[in-house]
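Chains: A, B, C and D, in written order; residue numbering restarts at 1 for each.
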């Protein structure tokens, strides 16, 4: 049964990885998706630098909760695995993580700015600004860079008192977006939404230089229309 | 025969809904199309939050003119139904309505600005600026939000004395576009045009910061070349 | 043989029209291509407002050199025919004309600015700035609007002493681009190039607000590398 | 065996050329790829101005190291061959070269600015700013223009002490990008990356007017994560 669980995770992680180039979120090999099963004690993640056309569910790499490869040793896991591990450790409600270099989200990450909630498209998925981390220091980059990337994300959410389940994504300064969710599919969907609201926000500012975020009551309305006990969007 | 009428409406509403992602106007499930038949006393609308690939004509939801589901009770109607109902009540010449979060129209809605008529592409379909509503108040959002969205659209057209048949679309502040027409197909076409003139207008302002709307006589010429008794565009 | 000539023209005009949506230059029915054969005394042009999926070579409309329909009377010619007729009369070296509302060229036309030659992509096809006409007057719009559109294009080239063969396109103020060439295929190619250099120029100005056109010697080099007796690009 | 070497080069050069329009980097015939084999004494390059749909591996042109055609004399080599020859002579570690007019890289070339390294997407492939050459002089354009284009690229790298292997691409002022690599495939990949970081950088500056390049330590980390003896990205 443990084996079945892992096979299903591989299938889901594979499918979600394949979605990334199809949705235009990833060029070349610039992205990775993982899923965790804390009870089974495993993380499944994309192998590093493998072309999408050569990928199969079998090539997904299985690690323990510390990121040590336990299966599929022929292929190295994504070089960003250590970031995923830190996020899974520190964000217990997160089940799946996606990292991309999607064009529009990278622009904001490179600009080093939080993404303001300028409209309901944003509010439907992210309950408030999507934060941009601080720049990593020299020391944080030289040693355990990927681990420290995870740590600065966690720090950002803690210091600003943001719930990862309510704002399922982040912009890493000078780098790009990470998003998460209950399933690999949902985490990919959040990547798609984040990229879309990044382009919307950028051009909103061009059209009206003085625009400000939508009022809190509209943010509340749209977020809770789709999330939590009061949700009434979609089929029950 | 009543049944036939509804079956045909379902087909048209289904086809129009399916057009939205194909035309690049909708990502995920962010859009909905409806059609009204006032004599038959019915509205047909997309179900809420159903994936496009899972949609069929049979899944379209049928309601009465107040928005009460009369058929297809297994699926909830689009959460924006109440907006459609208000528009149908207050705009008697409107037969079909489309709502999307299309990228370029959302940018203008988020920027909170009317869309000026900068050229003939605009004038061919919209007889003057496409208005942006005011922001909804806290009270309007907390209770009957979707209904109040319809009301603020109607208010906008009344206060500015705009004919919905002449300007078949609107930008809802901080949210996105609604368009309409004689048929679901025509309402979708107006969504496509609105999104296109939104991107054109945005970049027109970047290229020339001092540009102003086209003169009224050119607006008249192009609009009436395609609409009304004097139209001479297309096949008679 | 006359009949054969016309059949071939219909084929070419049809093929060129079909290229427009495939190249992303036209949405809905917003474009038209025509070809002239002055010896045979005919112009072949797209019918007005017909969907691309319903088009066939047989539906192309044949007119005399004044634009009177001589064949295919069941379908009206493009409403822009009168513009084409004026251009063919006043620009004897032009054999085919294309009109579109392609997104990037419309932006410049709406901005009312000439398109400067910022690089060799421009210089390879257009020997200098692509001019933007003046705004048409109220009288010019009310009567013989399409004819006057042709006249203001001719006026623009005459007053500025630009050769239509060297600058095979124009931006009509507040409207959009017309391009031309030796064949319908070449005229479509010039539409594609014009749209591409419009987006390049727009963003060039964003990246460097102080940029100016390339020097005349580079313009000369690139234009004559591809055109005239000194051309050495392509296969002889 | 010599013949086999050339056949394989033709295949690779053909495949790489065909990738350009598929990746959206080339419109019409605006691009070319070449490969050199210094031991065999040959360069293989795309023919000039041939449509991509008409191309075959057999149509690739074979020249000696000076650019004299030695095979395939029925077709002229790309008009940019002389630029490739100079680069191959002066950059001994370069095995393949790509030239395109890709939209976003041309914008920067036309703007006459170096492309700053605003993020890790840039740093993963280019170890520092991608330089923009100076403008060519009148004399350099009139005679041996293509050769002088190669020379100004070489001059740019020498004067600024940039290693072509570390920054595998350049923006030619008022013209467009050249990129290179160990193989035609890698050189095309660098064209894709260069175009992508050009659009990212452009919009990064729009979102934050005061942004500056990423710190050197982050540039080092990302570049050496993927290149050289310390690389740990991808499968070994």
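One rule holds for everything that comes next: contacts are C-beta pairs under 8 Å (C-beta built on N, C-alpha and C of every residue); 3 or more make two chains touch, one makes a residue touch a chain.
Values in this document were obtained by computation on a predicted structure and should not be read as measured data.
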**Message:** Can you check whether chain C and chain D touch via the same residue numbers (shared by over half) or via different ones?
**Reply:** different
**Message:** Quick check for the class: compute each chain's Cα centroid; which one is farthest from the centroid of chain C?
**Reply:** A
**Request:** Starting from the mean Cα coordinates of chain A and chain C, work out the distance between those two points in Å.
**Result:** 47
**Prompt:** So, what's the distance in Å between the C-alpha centres of chain D and chain A?
**Reply:** 33
**Item:** Residue list for chain B, restricted to those that touch at least two other chains
**Value:** 206
**Prompt:** How would one label the connectivity among the chains shown: line, ring, star, complete, or other?
**Reply:** ring
**Message:** Per the touch rule above, enumerate the chain pairs that touch, sorted by label.
**Reply:** A-B, A-D, B-C, C-D
**Touching residues (chain side chain D, partner chain C) in the complex** = 27-30, 47-50, 75-76, 79, 101, 103-104, 106-113, 135-136, 138, 141-142, 145, 174-176, 202, 205-206
**Parts of chain A lying in touch with chain B, wherever the complex brings them together** = 118-121, 189, 192-193, 196, 199-201, 203-204, 206-208, 211, 214-215, 217-218, 221, 225, 232-236
